[in-house]
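Next, two complexes with subunit A in common: one pairs it with subunit B, the other with subunit C.
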Partner chain A sequence: QRSSNELYLRCQEFGCEQSLLSRPDGSASFVQGDTSVMAGVYGPAEVKVSKEIYDRATLEVLVQPKVGLPSVRERSQEQCVRETCEASLLLTLHPRSSLTLILQVLHDDGSLLSCCLNAACMALMDAGLPMSCLFCGVTCAISTDGQIITDPTAAQEKESRALMTFAIDSAKHSVLMSSTKGSFSVHELQQCIAVSQKASEKIFQFYRDSVKRRYSKSL
Partner chain B sequence: MKDTPLSNCERDFLLKAIEEKKRLDGRQTYDYRKIKISFGTDYGCCFVDLGQTRVMAQVSCELVAPKENRPNEGIMFFNIELSPMASPGFEQGRQSELSVKLNRQLERCLRNSKCIDTESLCVVSGEKVWQIRVDVHTLNNDGNLMDAASIAAITALCHFRRPDVSTQGQEVTVYSPEERDPIPLSIYHMPISVSFAFFQQGTYLLVDPCEREERVMDGLLVIAMNKHREICSIQSSGGIMLLKEQVMRCSKIAGVKVSEITELINEALLNDRKARKAGGKCGFAESMPQERITALKKDETPVEMTDVTETANGIIQKGEAAPQTVPSPVVPVPGVGQVGQGLQNSWGLEDDDEDDYEEEKNDNSGDEQVEEVTKMDVGEGDVVEISDSEEEEVVILNPEVPEKPKNTGSKSHQKGAAASKKRQKK
Partner chain C sequence: ASDVSVLWLPLPRSLLTCRTAEPLEYHRSFLKENCRPDGRELTEFRTTTLNIGSISTADGSALVKLGNTTIICGIKAELANPTVEAPGKGYIVPNVDLPPLCSSRFRPGPPGEEAQAASQFIADVIESSEVIKTEDLSIDRGKLCWVLYCDLMCLDYDGNILDACVIALLAALKNTRLPEVTINKETSAPEVNLEKRWELQIHKHLVSASFCIFDDSILISDPTAEEETLSTAHLTVVTDEDDRLCSVHKPGGTSLSGERLQECISRATTRQREIQKLIAKVAHSVKKAQ
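Right, the complex of A and B next:
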């Protein structure tokens, strides 16, 4: 049902559960279609002297794949998530402390990095860490005939010409992080960013609904 | 990160309560916590909740060459990953003592008991066999990781389906799941481990210790059994002295518990098989409890994107035009390329570098060079000796000039055709 002037892009079904693990300070699991990621946060806690920073907290992100040991791919995903979190967390409120964010991939069916970002944000919220804004991740794929698909599945990702993931913040809907693969024009990039900003509104609304439901009994 | 140390009053409280036959969560001495088994979307993925302890197991397979001394048998590989998510004391990558102990115990329980028929994993004898890899990830540690891991591992192995293969002489064809249905592994029996914690030098015993109880226990006895009451492995650690009757009593208790757990596993496998046959979606997403207040699920919604193209166009127009002067590589002579012509050397040694900087072809003549030419007023046609002067030149080998090129790393410039200083010989 796509015509040339109207674009309706599918937003996958979301599911989220918070505080599902008893040991971590904050935990969340986020489900996007078939892709699911579990996140756990510890912090602020004691930090090793070799890693401490005198005026802010040290954030460490670990991505655990489902099969095998973490490799370079997980390291690059960790860097993307860490830079997004550092941009939105108020790290200067906890100097010389450590914040550890662990992401466990439960099932990967495409859009993994954006699912990790969403799970990370919900876990940080659950842990009660002070943040200047919330963030969410949106993945766009450009198919071989030029159509933009949001939240692609693994099959759609494989056939796409370009794959982009953006982290969008909730305050100004600006781009916090971008990670792209493949070739695309400047025009297509700007279109994808605009698409991601639109899709991020849905995700932020979902965050609000989850938290409202969670505190509906206690307020 | 370090684990929070246990305070003395907590320790005393726990020990006193155990002496009075009371447990923190109200269980009896021989009671297990509530076990919940669920499966993921693909075959071989299993989640086990033992009270608050959560683990996930994933089974995968790969065709490899077999071991030298066992050319007819497949290979099993086990790995328990103590994720930092499970406990603040676990560190990524470090092989702690607990990790070694758990891995070894799981291997003894599953590999040495020969519960999987490894000969059926052979495809071409001596060349290609299936390697079955079991990864157990600990998600939350509330005590008794060993039992949870063993339940998860054996359930995942029962749930797993490997691709079908056919051999025609030396050719092996592996069929994808769409072409031919994958086939399950052949499993003889299901060994499950049961843990007993001992306190006060073996006087008191508790089955399925939780995390607090594990911290104050003196010793641990792990018995792996199957439902036919065959003991697959026994391990006692902690240095406690156990009497023969105690060990016999524990093995009887283990027999009862194992048969209960095996029934639970079979029921879960059956339910999953029925759900998959009915065609419904299975996976972690489905097993998420919807009625909890901390969980929310939202269905697919279309997102309207009508003004996306206009927004994108607006942004591009407002943005700056691309710079007209794009530095592109320049080729002065065949074999030499240069990027960034006419740039000053910014490496800090300003005085005697720019002198021999005659640019042969290019438009910007040496007006940037403020420094005077100290040496090398070599006119055209002169032969430059390859002398031992401190001022070294780079000579370009031209077809007409039979001089040897002498590349230098002069003045900390990198060697390379593209941005090195050169002196042209005509």
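Right, the complex of A and C next:
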């Protein structure tokens, strides 16, 4: 059981692997407890004339669910991930090019959107795309008795009164993206943002450790 | 190229900015004076007009005009079997349609990302806020329930469709009158009485307020289509009459500080009061006319 004072993340159960696929320019797999997402990045590559932007790269995000075809829910997740990536990538360095980010859901046990964001960030890093800052995803759930749980499992999400996912950037620790479900008060929102900002520090430290581990092998 | 340099006149830059050639500079020159090209203040919303019950063949309908943005909502109720997970509840299926009619950026064919993301947003808002209790839509537990198909179609796209969709949906739900259904005890078949109708009970009056961030620092409310394309981030806050937040939707973009978020939430609560009064006034006048 988790108490409300303890900031518990499934940190011990975080796992990340980069460059695991041979075809994409960058790839990463991110595991949070039982939730696991694989990301692949292609780019900068040629872009269709109908989609090209004269001064920036065109970023396209595709979220593939584990079973079935992408539906309306995946489209809204794609919009969230795409606009978060566009805010942190330096798109003006690759005008008239396309960047494609594909996220494949391998298993969903809660906190799916934040796992997708984390996998996306690691894949973009692996592809060597220029970014102004890193970002991470944190999910908070407010249970029926008012407790704030970070990184909830699917069972905890189902019993919660409200569910919020934030994308936090590494430079200013501010909120880049916010997606909420359920009703809550303003005070609860501010508490969850503060909790997410604290949790993001642990995730950024995890990014640093996994990249360090990866490059220490080749040195 | 040499011709252009001969014609260049040393006029002050502000007189040279053209709306179509340099839209960002054009908007910036207004924002410096704390106003916008259409004369509004930074936190001002466009004039909202509402028309309820315009579609006679639908069970409930509403037409909303937010400045130039026009959204029409039609609600059709059908009988269906309830889902296995929730046998005592009915369900609502919203669908936002952005046809090529409303703007040149939408092409004919399957719904694009913006329409699908808007549909998902409306579905989440309905679920989060519990605007109507889905138990009210159940007729016979496990066997029969009402399903409400809410179709929101944009007729004119001038930015801020999410706000207009939420207002249209709320007004249409208030206008919805469902026929009474009785189950015949012998044949156990449903009998629909189209003459006797009952009104849906609206539990929460939810209203959304959209903002966008310009140049990472300036916050403007109710953006037009041009302002939306030039802005660096969007934010939509949905509140109900108890000042509880049903949704804080910020799909990426540049970051937002805590104070700015607080400003948006306070503006959203004031907007909620305005729209609730407007909907009550229009619904009352429709009732008096009937």
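In the analysis below, the second predicted complex is superposed on the first by the 204 of 219 C-alpha atoms of A that agree within 3 Å, B and C clash if a C-alpha of one lies under 4 Å from a C-alpha of the other, contacts with A are read in each partner's own complex, and residues count from 1 in each chain.
We take it that a residue touches a chain if its C-beta (ideal position, glycine included) is under 8 Å from a C-beta of that chain, and two chains touch if they have at least 3 such contacts.
Please read these numbers as outputs of a predicted model, since none were measured by experiment.
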Touched partner set for A:Val186, first subunit B, second subunit C, both or neither: both
First (subunit B), second (subunit C), both or neither touched by A:Glu78: second
First (subunit B), second (subunit C), both or neither touched by A:Asp169: second
Touching partner for A:Glu52 - first (subunit B), second (subunit C), both, neither: neither
Contacts of A:Val67 with subunit B and subunit C, given as first, second, both or neither: first
First, second, both or neither for A:Glu86, with subunit B first and subunit C second: second
First, second, both or neither for A:Glu157, with subunit B first and subunit C second: neither
Greater subunit A contact set [subunit C / subunit B]: B
Footprint overlap on subunit A, where subunit B in one structure and subunit C in the other make contact: 186, 190, 193
Residue numbers on subunit A that touch subunit C, as the complex places them: 72-73, 75-76, 78-87, 162, 164, 167, 169, 172, 174-186, 189-190, 193
Residue numbers on subunit C that touch subunit A, as the complex places them: 113, 116-117, 119-121, 123-124, 127-130, 232-233, 235, 240, 243-258, 261-262, 265
Subunit B-touching residues of subunit A, taken from the complex the two chains share: 5-24, 27, 29, 31, 33-34, 36, 38, 40, 42, 45-46, 62, 64, 66-68, 70, 98, 100, 102, 104, 106-107, 109, 150, 186-187, 190-191, 193-195, 198-199, 202, 206, 209-210, 213-214, 216-217
Residues of subunit B defined as touching subunit A within the complex: 1-2, 40-42, 45, 52, 54, 56, 58, 60, 81, 83-88, 92, 133, 135, 137, 139-142, 283-285, 288-289, 292-306, 308-309, 311-313, 315-316
